[in-house]
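The structures considered in this document are given below.
First chain A sits with chain B, and in the next complex the same chain sits with chain C.
And then the complex of A and B:
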């Protein structure tokens, strides 16, 4: 048993990659449909949008780039779908230059699905440089921060922005963020001074760091990672990419939990000499030599 | 299907497989994809900055609307470039001074207000409120947060020796930190798995007949390429007889 444990501790890491790949692929090809429970922090974002009367101004800042697409793109689709269903005036933008094209695609794509007209029902302001300074500028004068939208139309002339001079006239704002500038910037430089309600949708990596803001009410709701996106899809009755990915997510988590338990068990069972010999790793996968190569 | 979408799907599937090939080991396919990514993202950023900053935020307001005062920040921006000219590089300090001064002035009061004062306020919530059950879950949460904050602060307080009660508090702080690290790591795993799911989702889509089985064809080609590259590497490593 001790020899077997030692052998398994030396297992080629590529076997684990294959295991994870299989655990991801099978549920994607043959969905199981595991239940998804909606958390209160996601529900609060949904409830707030539900409470807004038609014609309210909903600002969505897509502060991410294609590297975070699998987590935040489904969130953007779900939130835009909900906002368009509720006939809100949607104003979208991005603080991340590399996300501009993708953000425009999702906004115009969902808008066309619901027959919304650009300039009248929605607009995409595009990217403006400066990160948190853009937020401050928007709080003072939105038209100064974005003299034209992404398509070159003067923002002062847009019907969708009628009566919206600054962030003070925004009824609800959600930042879909993969880092900085993101939710925290919108809170620190926007909400606190200009008094609009703020929600967050973030990658799972930065979600734990935002829970203190949720607890203090600095943000009213939080959609975290693919799971959060799936919960939002459930709330609006849409089976999108996030719900489809949750079975795979659960399967891979199950595999990882199993591997952690097994590794600890093998670690305890393996002879001490074997455990110590990992420090003097050989030329195999994961060794310092391979990393250097 | 539009030709651009079809070609795009083959490129996307190919580059995804190139990047995944690193899981086998570092190889030319991965390096090609990596360098292409760096180049394209940089090129895209330059184009967008040119349009959104130089044209939309500077040239148009100055040339068409006569907002000449925008030339002042533009000049400050140009001063940063003097870093490349050793004889006048000191000029760049003016721009940096403005950036640091403005940045600090804007950030410090806001950060103190939202990240310190409001967080402290959140930590010191009243345990008992009118109409609430005195031993409810909300009260337990408030106490847990309070104990967590105090014990973690004690752990990072190094001016007194961690002995006796202080040691117990510091140890408790470590457990709170461990729970946070565990939660953060769990979320990180979830995020990374989401990225894998996103790529696999696209690969499955591109393996359909509509895309001429792009993922499957390219998987075979990349695998074949890796085998040939591995054989070439082994041959190169073998000493000549």
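And then the complex of A and C:
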């Protein structure tokens, strides 16, 4: 038994990769559709959009690049679907240059699904260089920050932006962010000075870092990771990519939990010499070397 | 004269603009707001030049690697080739993506490569979790238990099997995580304020360059 534990402790990582691949693929091919509980932080974003009267200005900043597409793209689809269903005036943009093409696709795609007209019901402002400074610039003068939209139309002439001179006229803003500039930048340089209501949608990795902002009301709601996107899809009655991905996420989480428990079991059973050599090889978090340091 | 241009003038500009920007925030007068509008436009223009500087620096680093044939110099060559190809195709397409080669590069290389890189993380995280998450000390045990509870509570299967895991994960995020994060944010903010004051008053001068 001790020998077996020692062998398994040195398990080839390719075996783990195969396990994860299988755990991801099978639920995607044969979904189970387990119930998803909606959290209060996601519900607050939904409720705020529900409370906006038709014609309100909804600014969506897609501050992410293709690396975060699996988590944030479904979120964008769900939020845009909700906004178009509520007949809000949708103004989309991005602060990440590598996200521009992807952001344009999702905005124009969902808009066409709901028969919305560009320039009248929605616009995509595109990307403007300057990071957080773009937010200040938009807060001061939106037309100066974006003289034209992504398609080359003068923003001052767009019907969808009628009466919107700066961020002060925005009724609700959501930043879908994978880093900086993102939700924090929109709070510090935008909401704090120009007074619009702000919500956030972020990758699961950075979501825990935004809970202090949520607790103080600096952001009114938070959609975190694929789970948050799935919750939003449930709220608007849409079974999209996020809901489909939750079964795969359930399976991979359980595989990882199983691996952790097994490794700890092998660790206890394996001979001390094997454990010591394993420790030296890892030198990872919690290792004796690291603890001494 | 050189010392004046290299040290005194940048320090004076930093002091004046730093103090002006701090005061401006508290004066909502049209003149003050107009100044902020102008400043935000100027900042964006300067960032455009910073981008040029960044690209020049990137080229310098990779050119040095290729010239010295440092291990992995082939990757530096790929950086140059792909950058050149993207710029040429982008200029040829007039910056438009729809139905152009530029759009093709974006969709079939950048989008695919970035997606692949991020997806691979999932596999490495699983492998790392198997090897690193062990109860070797009190701290490691706490981390391990918290990680397992979070992984249970954030997926439907976990909540289905153990209904209490969802609220437990929520409590971990809303109480323990929040308290720790708040402390970190306050610390970072105080550090940021202190550094800003040091820069405005010329105590911190590393931004002037090494020869100052």
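In this text, the second predicted complex is superposed on the first by the 278 of 293 C-alpha atoms of A that agree within 3 Å, B and C clash if a C-alpha of one lies under 4 Å from a C-alpha of the other, contacts with A are read in each partner's own complex, and residues count from 1 in each chain.
The rule is simple: a residue touches a chain if its C-beta (ideal position, glycine included) is under 8 Å from a C-beta of that chain, and two chains touch if they have at least 3 such contacts.
It should be emphasised that the depicted structure is a prediction, and the values quoted were computed from it without experimental measurement.
In the superposition on chain A, contact is made by A:141 with chain C only, not with chain B. Legend: residue contacts after superposition of the two complexes on their common chain; A:159 is shown touching neither chain B nor chain C.
In the superposed pair of complexes, A:11 makes contact with chain C only, with no contact to chain B.
By the touch criterion stated above, A:34 is placed in contact with chain C alone, chain B being left untouched. Contacts of A:264 after superposition on the shared chain: chain C is touched, whereas chain B is not.
By the touch criterion stated above, A:126 is placed in contact with chain B alone, chain C being left untouched. When the two structures are aligned on the shared chain, A:3 is found in touch with neither chain B nor chain C. Shared-chain residue A:187: touches chain B; no touch with chain C.
Here chain B and chain C are compared by how many residues of chain A each touches, and C touches more.
Of the two partner chains, chain C is the only one that A:104 touches; chain B does not reach it. Counting contacts by the rule stated earlier, residues 17, 20-21, 24, 67, 69-70, 98, 100-101, 128-129, 133, 136, 193, 204, 208-209, 212, 215, 225, 227, 249, 252-253, 256, 285 of chain A appear in both its interface with chain B and its interface with chain C. Residue ranges of chain A in contact with chain B, taken from their complex: 14, 17, 20-21, 24-25, 28-29, 67, 69-71, 97-98, 100-101, 126-129, 132-133, 136, 147-148, 187-189, 192-193, 203-205, 207-209, 212, 215-218, 224-227, 241, 244-245, 248-249, 252-253, 256, 285, 290, 293. Against chain A, in their complex, chain B makes its touches with residues 23-26, 41, 44-45, 48-49, 52-53, 56-57, 60-61, 106-107, 110-111, 113-115, 118-119, 121-122, 145, 180, 183-184, 187-191, 193-201, 204.
Against chain C, the residues of chain A that register as touching in their complex are 11, 13, 16-17, 19-21, 24, 34-37, 39, 65-70, 98, 100-102, 104, 128-131, 133-134, 136-137, 140-141, 144-145, 193, 204, 208-209, 211-212, 215, 225, 227, 246-247, 249-257, 259-264, 267, 279, 282, 284-288, 291.
Looking at the complex, you find that chain C touches chain A at residues 25, 33, 36-37, 40-41, 43-44, 47-48, 51, 97, 103, 106-107, 110-112, 114-115, 117-119, 122-123, 125-137, 139-140, 143-144, 147-148, 151-152, 154-160, 166, 170, 173-174, 177-178, 181-182, 185.
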